[in-house]
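I have placed the structure first, in the form of structure tokens, so that the comments after it can refer back to it.
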Amino acid sequence: MSRRSRLSRWVLAGYCVYLILPLYWLLTLALRSNADIAGVFELVPSNPTLANFAEILTNPVWYQGFVNSISYVLLNTLISVSVALPAAYVFSRYRFLGDRQLFFWLLTNRMAPPAVFLLPFFQLYSSIGLFDTPLAVALAHCLFTVPLSVWILEGFMSGVPTEIDDMARIDGHSFWFFFTRIFLPINRSAIGVTVFFCFMFSWVELLLARTLTGSEAKPIVVVMTRTVSASGMDWGVLAAASVFTVLPGILVVWFVRQHLVKGFALGRV
Amino acid sequence: MTWMAWTLPTAIFFAVIAVALSVLIVLELERPTSMSRGWLPMATTRGDRFFISLLGAAFIHLLWLGLTPWSAMYASGLAIIWSGVIMAKG
Amino acid sequence: MAQNKTQDNRAWLGVLPVMLIVAFSGVIPLMTVVNYSVQDILDFNTRFFVGFEWYRETLTDPRFIDAFLRQLGFSAAVLAIEIPLGIVIARGMPTQGLRASLLLVLLATPLLIPWNVVGTIWQIYARSDIGLLGVTLNEMGFAFNYTAEPLHAWLTLLATDIWHWTSLVALLAFAGLTSVPAACYQAAELDGASKWQVFRHVELPRLKGVLVIAVLLRLMDSFMIYTEPFVLTGGGPGNTTTFLSQYLATMAVGQFDLGPAAAFSVIYFLFILLFSWLFYASVMRSEEGS
Amino acid sequence: MQLAQWVGSINRSVILVAAVLGLGACGESNEAAKTAAQADVDYAANAAQWIDAEFQPSTLSRDQQLEEMAWFTQAAAPYRGMTINVVSETLTTHQYESETLAQAFFAVTGIRVNHDLIQEGDVIEKLQTQMQSGENIFDAYVNDSDLIGTHSRYGYVVALSDFMAAEGADVTSPTLDLDDFIGLSFTTGPDGKVYQLPDQQFANLYWFRHDWFSDPQLKQRFEQRYGYPLGVPVNWSAYEDIAEFFSVHVGEIDGQKVYGHMDYGKKDPSLGWRFTDAWLSMAGAGDKGIPNGLPVDEWGIRVEQCRPVGSSITRGGAANAPAAVYALQKYIDWLKAYAPEQAPGMTFSEAGPVPAQGQIAQQIFWYTTFTADMIKPDLPVVNADGSPKWRMAPSPHGPYWEEGMKLGYQDTGSWTLLSSTPLERRKAAWLYAQFVTAKTVSLKKTLVGLTPFRDSDIRSQAMTDMAPKLGGLVEFYRSPARTAWTPTGTNVPDYPKLAQLWWANVANAVSGQVTAQAAMDSLATQQDRVLARLQRHGALGDCGPALNEERDAQYWLDQPGAPKPALANEKPQGQTVDYETLLASWVRAAGEQAGAQMD
Amino acid sequence: MARIRLQEIAFTYPGASEPTLQPISLDIQDGEAFSLLGASGAGKTTLLNLLSGILPPTQGRIFFDDVDVTELPGRDRHLAQVFQFPVLYQSMSVAQNLAFPLTTRGSTLNREAIDKRVSAIAKELNIESILKRSANAISLFEKQLVAIGRALVRPDVSVVLLDEPLTAVEPSIKWRLRRTLKHVQDELGVTMIYVTHDQTEALTFAERVSVLADGQILQTGTPEAVYQNPAHQFVGHFLGSPGMNFLPSNAFPQPLQRSFAEDGDPETIGFRPESAGLTAPSEVLLSGIVETQRVLGTAQGRVVSMYGLRCGAAQVFVRSPASFACGDEVGIALQRWVGFREFLRVGSNGAE
């Protein structure tokens, strides 16, 4: 096919190298001691050590950070998908007052530069007693993930013929049955893509997560900042922690990869 | 809600916008608009024009504050004229 | 796609949860920030109304204007590179098989790394004494030092942003391309269309939807870029990589100078809103005209 | 108001969601704590066990330790079962507190403590968030005493003197011995009240490679070239000469490139610390008077009574005075000419460990927090027998410096209680703060973290035994010279707002975008603008800023003290002192002081 | 315009054990309207892809006129294709779509000539009124018309391939499009190859039809010939609705069997429902029992019905104006039949 031209394949190959090299470097850092990292340049670690990984695996603070992060990411994904599904459905099926303006408005919420909004966020969630809970972070991240989820799901659902709705109605199914048993399975791939995007935004976000948590719900990205201290920078542990933070993401992508292609392909294009 | 740091002027400002939005909704339900074309380079609905006039008013204020040393009241006056023009003719 | 939709305002019930959640975590903080922006706030019970003073101060502050122009330059550069690059990469992607899956995972990886880590990775990767990139460049004879040379700092930041975000564009574009029916390529082939014409007339129109969102997301995010330059260059050398968010964060989380920072934010927000809306409206307009 | 109702209803529904989702993590741990408290725990046995297993050596006898712990058990009784959250920056000392002392505290009192460790900047951010919102985030903070001017003026920090005398009396340890804290003066406000309780303390000193400095061949080469002996530099001229000597003339030692200077210059908040901590006062920009110089301090801020009145020369300040400009210029010159190529891109944290790699001959501005990482075996700067190849010594001073002025930075991370923390929690946190600084544990903590804060610990036998390994740390803390090392003082009315101005302006000068003079002028103007804003609303009370009218700079330069007029010769003859002689004088002075105290 | 010759073309997908196309030879005349008819999976699309140069044949040669184009890529074969779903350039107007093939390949046509050509084609297809519209803003039917127009617009086009072009069009207007196509083909005399599984389309459009099954061409001929005189049992079965009736020749009464033997001695006799009549049962006629009856309409004042009859083990359909009821025994008079041996035609008889 004419699509995969030689040029673009070369660019892709080059880009892959470009992507991999920093990741490789991260991995080698994780396998070296701090003195080693700051002291010498070497392509392959000559004194590889697993001490950095051991530190992370044995210190409960790190472990707890992972648990906290995963719990708010999952919560966020759950909330985003479950509120976005009905919204996307009505967007794809009905015309209503202000529908055209709504999506742009949803997106504009992402335009707020986070720095100043941190204090209102903090106060908002403290005032309802959610400060330092995963739910607070999950809800705050909804600001970013919900508009995107609606957009992805709506695109996909618009591609599903309305005849399916009518057919279910004629067959005498309740709306609830139709939606959960017929409509959602059709949109499986889109949900996969949505999950990926929710995961992506929620997992990597630092500022809100930091502001909305104290010690109970402290996420992994915040735990990572402790590697910078008055007695130096703990490169090795930071790198090892980074390697760990990449892993869940890779797992998610691997599991939804089929949906990613399909969901993307049939979705909003 | 003391933490929201309300002041009277901002409260009035938001109240005005809220009222305007409600009026727009009611109008829309009573007399729905369709896309129409004024001297703006695209077809707009009443809601679109409302948004454009607000955004325009904001930038009139910004320009005024950035470029002139005079009171922002003049800018507000300009902004009201601008909004009127857009809502009516946009 | 918009055909046969029924008009029914009860549909609002379906949108309500989304509206509530977004209004709750979006509108309330936004209103609070607007409230902040007209006050001088010393602590939570010591506040003074100052009107538009912070706005005037920000707008006439040469540092703000410089940072704003730099920001425009950076966002423009990011969009100009990442959008085409993402499309080219997407065009090179295989559509099935293990290789496709692995590539997909590789492409998605940078998107899943916490932002501060992205900055850290590049910071050390580009160091000219212990970083792979920096050392390699120096070995090749370029006196590369991103901590001292403004140009190098810019290039490194761009490289970092490209590394971090092009994948998003590529994934979206890839999705768009997968939906182009084979017949379209075939027809263009038989019509004798050149490679460029195939791209321009067959692929690009089908990519429009995803590209709109890619451009919007990249525009907003690049306009708000903070973490990477903060970690990588701290905004230096000098002010050369100090973007709006750097400047803002110093005010907001460093000095906790809420009033001026809020005015700054509102101005900032208005500009992004304007750019995004102009873009959105022009896209909508071209759609409507067609 | 409709909106209020609406928000209210959301609140309820969100809480409902939270409840349904069963996010009971914190509930669970509370319960666990309660059951532990309800069970009949033998706190005395626990205390004994901890004392024997962990808290040795100590300056107290075992019985005294037991007695002190018994007081904690008894005082904490009303708060048993509580879980409190405290936070501090990442530092070996705090790590020890978080991982060991918090456990011991629980064993002895039944109060559970989450001692959180985060980056220093984040600690301040949390503190500020609590201050700005009035919402309790942490029950106690350990933050540097630099904020004393802010704490004492804004009124959101509990004045410990008042607290201990009133509502906190029943939870204030009789064995606290406040006068034993060497950093107490740093945490005392202009009103004479103690606002914070020191928890760990460190200084910045001059650091050098003792082995190279005593190398006969190098010594001879140096003397030949510069006309005076190689030794610990007393003034900046000598420091500059030595830096040039190693970076330019020696170049390589044992086949490795060496540098005569190390510093950092990345545009980062830590670049500000570099300056606000002591740099200007080392050059001699401020006034005489310990701790911070009166009426003009090292930030160039002049105070009258306790009111800041300006920082530009035109208002009687010294932030853009010749001495300040000189200080900035020297920092830049040395960074560019003598430090490793990477140094301008480093932050404080990155630059700190660099001397340990063995290529740095001396560093003028070196923090003792790096001591623990400099004495690890197998480092290029540690001898085979474990003794350091390096030493620390008093920092050299600039040409504007005069006897009786602050000579360096010393700060104490201290416990801070906020008035927005509920009283019960505050009391429990106060118990913990006293516990981790109690004499029972303090010596052990000091030996682990090397950040001594109690005079009794410094003078202990254990520290004497440790001294040879610490390159002069113990000697420094025992010497009376120590008092010339101080943190940011009470002249600075709003540390967060003002400190941010420094790094941005300094970075501009480092990159060469503006001259040192322009950078300091801009800094002074911006500082004054912040002061004016604080003054405008009069919210800071009697010690709030009250700016002087601007007048001709010459008027102020003509007055005695800072701002000082430019010197004709900013590079006087270099002066050095032999390290061993210096050390002997410290030891002698320490002995005299101890003797004087005994009298 | 060109004459298309396929010489022993065959195709096997790499790695497949069975060939997708058996060696095929075809000769399509210049300006001919030609149909390829086959059920899905018969190899139509493969054959089309071989023609358009997407796939290279495993063996054989392809000639356009006398030029061997086997190795030429599709774009150099000067052919045009119309797809199942209208393929248009969404970002262009209808006129731009039509003009597009004229502007590519370094075309030397000037603006005026292009416009002339476009308006000529538009006139031919009767789409002049929508020329200015965007390609996105017209109906599916119009889109397919534009797609056809784009295929026809190039004066140097050697052949137009039509790949089931009516699939996406609503049934109610299929005939309009079909008529337009036929009309244009007649007017312009372009060589067209129409690929479809729909016999009506194939038979009404083409001058000649090839019936394809299992990668083989079973028969090529005029629609009449293919319909009336199937060369293969499958062709008879495939065409017509219902298709041809087949009975073993020994199921017929002796006299008929004898006459069959003179005409090639077939094993199987095929006859179309309309090539037989129903009368009273008789010794010399094939007999059957009426099982179903469906009224089709009237002809010359008489009701015509489709009868389903049981003849021994087999069921046959006969269209007849006679009137019988279910269960009646009837005689079937063959007016025309085709005889097959081993599925291939060996003889035929009768008049239509």
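Order of writing sets the chain letters: A, B, C, D and E. Residues in each chain are counted from 1.
Operating definition for what follows: a contact is a pair of C-beta atoms (placed from the backbone, for glycine too) under 8 Å apart; a residue touches a chain by one contact, two chains touch by 3 or more.
Because the structure is predicted, anything quoted here is derived from the model rather than measured.
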Subject >> If a chain touches chain C and chain E alike, it appears here >> reply: none
**OP:** Work out, leaving chain E out and holding the others fixed, how the remaining chains group together by touching.
**Re:** one piece
Original post:
So which chain is the furthest away from chain B, centre to centre on CA atoms?
Top reply: E
Original post:
Higher C-beta contact count, B-C or A-C?
Top reply: A-C
Original post:
Looking at CA centres, what chain is most distant from chain D?
Top reply: E
**OP:** Measure off the straight-line distance from the CA centroid of chain D to the CA centroid of chain E, and report it in whole Å.
**Re:** 92
Subject >> Distance between the centres, which are taken as Cα means, of chain B and chain A, whole angstrom >> reply: 36
Original post:
CA centre of chain B versus CA centre of chain E: separation in Å?
Top reply: 65
Original post:
When the centre of a chain is set as the mean of its C-alpha atoms, what distance in Å lies between chain C and chain D?
Top reply: 39
Original post:
For chain C, which residues are shared contacts with two or more other chains?
Top reply: 9, 24, 28, 32, 36, 41, 44, 129, 189, 206, 251, 253, 258, 273, 277
Subject >> For chain B, residues contacting two or more additional chains >> reply: 1, 3-4, 29, 51
Subject >> Sequence positions of chain D contacting 2 or more other chains >> reply: 7, 10, 14, 132-134, 347
Subject >> Of all residues in chain A, those that touch chain D in their complex >> reply: 34-35, 38-39, 61, 75, 118-119, 122-123, 126-135, 139, 210-211, 214-218, 222, 225-233
Original post:
Given the complex with chain E, which residues does chain C contribute to the contact?
Top reply: 181, 183-184, 186-187, 189-194, 197, 200-202, 204-206, 289-290
Original post:
Of all residues in chain D, which touch chain C in the complex?
Top reply: 7, 10, 14, 125, 128, 131-134, 154, 156, 265-269, 271, 340-342, 344-347, 496-497, 499-500, 504, 507-508, 510-513, 533-534, 536-537, 539-540
Subject >> Footprint of chain D on chain C - complex, ascending >> reply: 20, 24, 28, 40-46, 48, 127-129, 145-148, 150, 233-240, 242, 250-251, 253-258
Original post:
In their complex, what parts of chain B are in touch with chain C?
Top reply: 3-7, 9-10, 13-14, 29, 41-43, 51, 55, 58-59, 61-62, 65-66, 72
